[in-house]
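Just below sit the structures, each encoded as structure tokens.
Look for subunit A in each of the two complexes below; its partner is subunit B in the first and subunit C in the second.
Moving on to the complex of A and B:
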């Protein structure tokens, strides 16, 4: 039995309700413990999630409960979320942003209410039955993930090399060493020195960032590094020397903040983001093989 | 008592407030790039015959990079950022590449 949303059908009149597997997919956002009945193993109580939660393309998010877990899904049209249309859509940053923000909005709302295991962006099933099968099949994995992130929040820490910092050891080395060089040689040497200076600066900043990551990692329950962000996406041209994610117990958040303060110096510009739903600490591959795709 | 019913003299400062003050943004204002870090490299990955998923993250990365490249054109990038110019090598920030460059100088 499928639960069709009038709004969805109105927006896509061409979709046939007689062939739900062809026309619509079920977009999965996250899995949570079933709070109300207390059947799930999570120790943290679940608040009610917002009743009118809307996800990708405005679809109403609904719970699909099974065995103490709840999958949160909404319908999406397969003419947009099928494999081929998706391949094209992923070239469109605006499209990706729309989906990402809708996905994030749902995950945020769920995470505000209790332990939440977000699912990778764009995970689409052919129907609710398959989602229930997933909860059956992966019950223990999800329970373990949820108990690991319960009550904890993810924080992001990005550190950039400070561009305006003067090199640690400027001219003295150059003048001391240079005896009777020709002007050309002197120029080349100065240039080399200045490059070395920037190298040293970069190295020092990178080392500071390593220390920062290690120190934050000791406070966090778990830590992870993302790839440094592309300057074109981040809008910052300075070198990113750390793009870390940290899963932190609430009791240690003050301590975490204090460490950050200690690393804002002439080498590093440190930025904090969050709190995030525990995206970075639920990235577990539950697949049996290659994605087959919905055709 | 405050209108909310909380005695005003109680410290209304939840744990982590210092962090939250600094980092918290409404979902709409979260930077897309930070979001994509998490949505494309985080979250439970489910693959199989009955599901369509972006298991192939590279597909997305490459697509976005291609898109950005074509939209923004080629902007000269500061040499200081060079180690990451080709898409990031988190493990290589103190690695051998720097040494070999030193040789050239």
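Moving on to the complex of A and C:
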């Protein structure tokens, strides 16, 4: 990997010095094992990653190797990624979307090549030296995390309450009987009945979702249950009753898919996403309050 | 996505909309959820207020997208929700009729009040001491007229009352 970036040996000064003009920060995407030649990833075959990988704001992603680990970074201008600009930019969903997609693209490319521990969005350092310090300081944590996800893939499973299912006890008779009611009264009554029907459906669907999660968890190496997404985030109007993430061995993916098939019924609509880089299984707080590098 | 070579097993299943297949069209919500909420959390040198990130994720759940952006990224659920999109034409129509009738009733009520307030002697007996009756009736009439005006002005549906 280092062959693609001959200028980036460990004792080379930070690349940011090669960029005149505004101050540069170093944006960290993910940490991986160093690969066949490294110590941490010695047991894992690591494919070559795309040589011309570009990240946030089109910056070229380069490796920063240290002690058997590699941090993958790119330069970002501090007039956009400094503390004050960031505070404003994070309010802008379009800006966040651009950064999120770029971040995700880099993480995906790295994950396609081997074990990858993604770092949360907008983790920015003042220089490469600080990133190397981080790899020294957190060497054991990163190594442990990477060995946990090696050779496995994350799948997302979202289960929604089926909306097109008619309520268990439709009551058109009652509506007809109340012929004297105004349309408004009749509407309110229908709405009430429909809500009661929805509650029953919700309960049944939630129970099915519990079973689904438990069964998938049996097949997966690890599983996490996340907060169900709001309709505005999921983009679907139906209520989400399960938002699960599962780390699955490739050998068991078929089995995993088969379980999903068994849960598509009149209560649940099941949606599969992925494979994802193992975001949900590298979810660890390495002390956000403490300095990762030298301040 | 992670490894295209060994994708088929789950890819061939029929779950999920086509949107999850392509990289760029991967559901933004799913991406944001991951890059903001998960992965390794570690301090950079640039201090990002973590509270702000938390707030951001909350905001994303409540959606801060403009309507156009929202549509672009597939967040247009309200347009399909019959309870919000006005597909209940019957209800909308009834609502309109009720507003008209309410306005008409209000108009008649105001007219009636104005008529009755012009007979302070009669009303004063109900209210108390005779010496204050004229003054109070005057005050009240003014208040009520103002209130009635406010009601009419403050209620858009009432600006075109059915004057039946």
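By our rule, the second predicted complex is superposed on the first by the 234 of 295 C-alpha atoms of A that agree within 3 Å, B and C clash if a C-alpha of one lies under 4 Å from a C-alpha of the other, contacts with A are read in each partner's own complex, and residues count from 1 in each chain.
In this text, contacts are C-beta pairs under 8 Å (C-beta built on N, C-alpha and C of every residue); 3 or more make two chains touch, one makes a residue touch a chain.
What you see is a predicted model, and the numbers here were worked out from it, not measured in a lab.
J.: Mind checking subunit B and subunit C on superposed subunit A, clash or fit?
T.: They clash: once the shared chain is superposed, the two partners overlap in space.
J.: Thinking of the overlay built on chain A, is A:225 touched by subunit B (first), by subunit C (second), by both, or by neither?
T.: After superposing on A, A:225 lies in contact with subunit B but is clear of subunit C.
J.: Scan A:256 for contacts with subunit B and subunit C and give back first, second, both or neither.
T.: both
J.: Determine, under the contact definition given at the top, whether A:203 touches first (subunit B), second (subunit C), both, or neither.
T.: After superposing on A, A:203 lies in contact with subunit B but is clear of subunit C.
J.: Between subunit B and subunit C, whom does A:112 touch in the aligned arrangement: first, second, both, or neither?
T.: After superposing on A, A:112 lies in contact with subunit C but is clear of subunit B.
J.: Does subunit B (first) or subunit C (second) touch A:161, or do both, or does neither?
T.: first
J.: Which holds for A:183: it touches subunit B only (first), subunit C only (second), both, or neither?
T.: In the superposed model, A:183 contacts subunit C only, not subunit B.
J.: Which subunit A residues lie in the overlap of the subunit B contact set and the subunit C contact set?
T.: 25, 28, 31, 81-83, 86-87, 90-91, 93, 96-97, 100-101, 103-105, 108, 117-126, 130, 134, 138, 142, 145, 153-156, 226, 229-235, 237, 250, 253-254, 256-257, 272-276, 279-280, 282-293.
J.: Can you check the complex and tell me which residues of subunit A touch subunit B?
T.: 25, 28, 31, 81-83, 86-87, 90-93, 96-97, 100-101, 103-105, 108, 117-126, 130, 133-134, 138, 142, 145, 153-156, 161, 163, 192, 195-196, 198-199, 202-203, 206-207, 209-210, 225-235, 237-241, 243, 245, 248, 250-251, 253-254, 256-257, 272-276, 279-294
J.: What does subunit A use to touch subunit C in their complex?
T.: 25, 28, 30-31, 78, 81-83, 86-87, 90-91, 93-94, 96-97, 100-101, 103-105, 107-108, 111-112, 117-126, 130, 134, 138, 142, 145, 153-156, 182-184, 187, 226, 229-237, 250, 253-254, 256-257, 260-261, 264, 270-277, 279-280, 282-293, 295
J.: Using the touch rule from the top, collect the residues of subunit B that touch subunit A in their complex.
T.: By the definition above, subunit B touches subunit A via 15-16, 18-20, 22-25, 27-28, 30-56, 59-60, 63-68, 71-72, 75, 77-81, 83-84, 87-88, 90, 93-94, 98, 102, 105.
J.: So in the complex, which bits of subunit C are touching subunit A?
T.: My answer: residues 1-4, 6-7, 9-10, 13, 15-17, 20, 23-24, 26-50, 52-53, 56, 60-65, 69-70, 73-77, 80-81, 88, 90-91, 94-95, 98.
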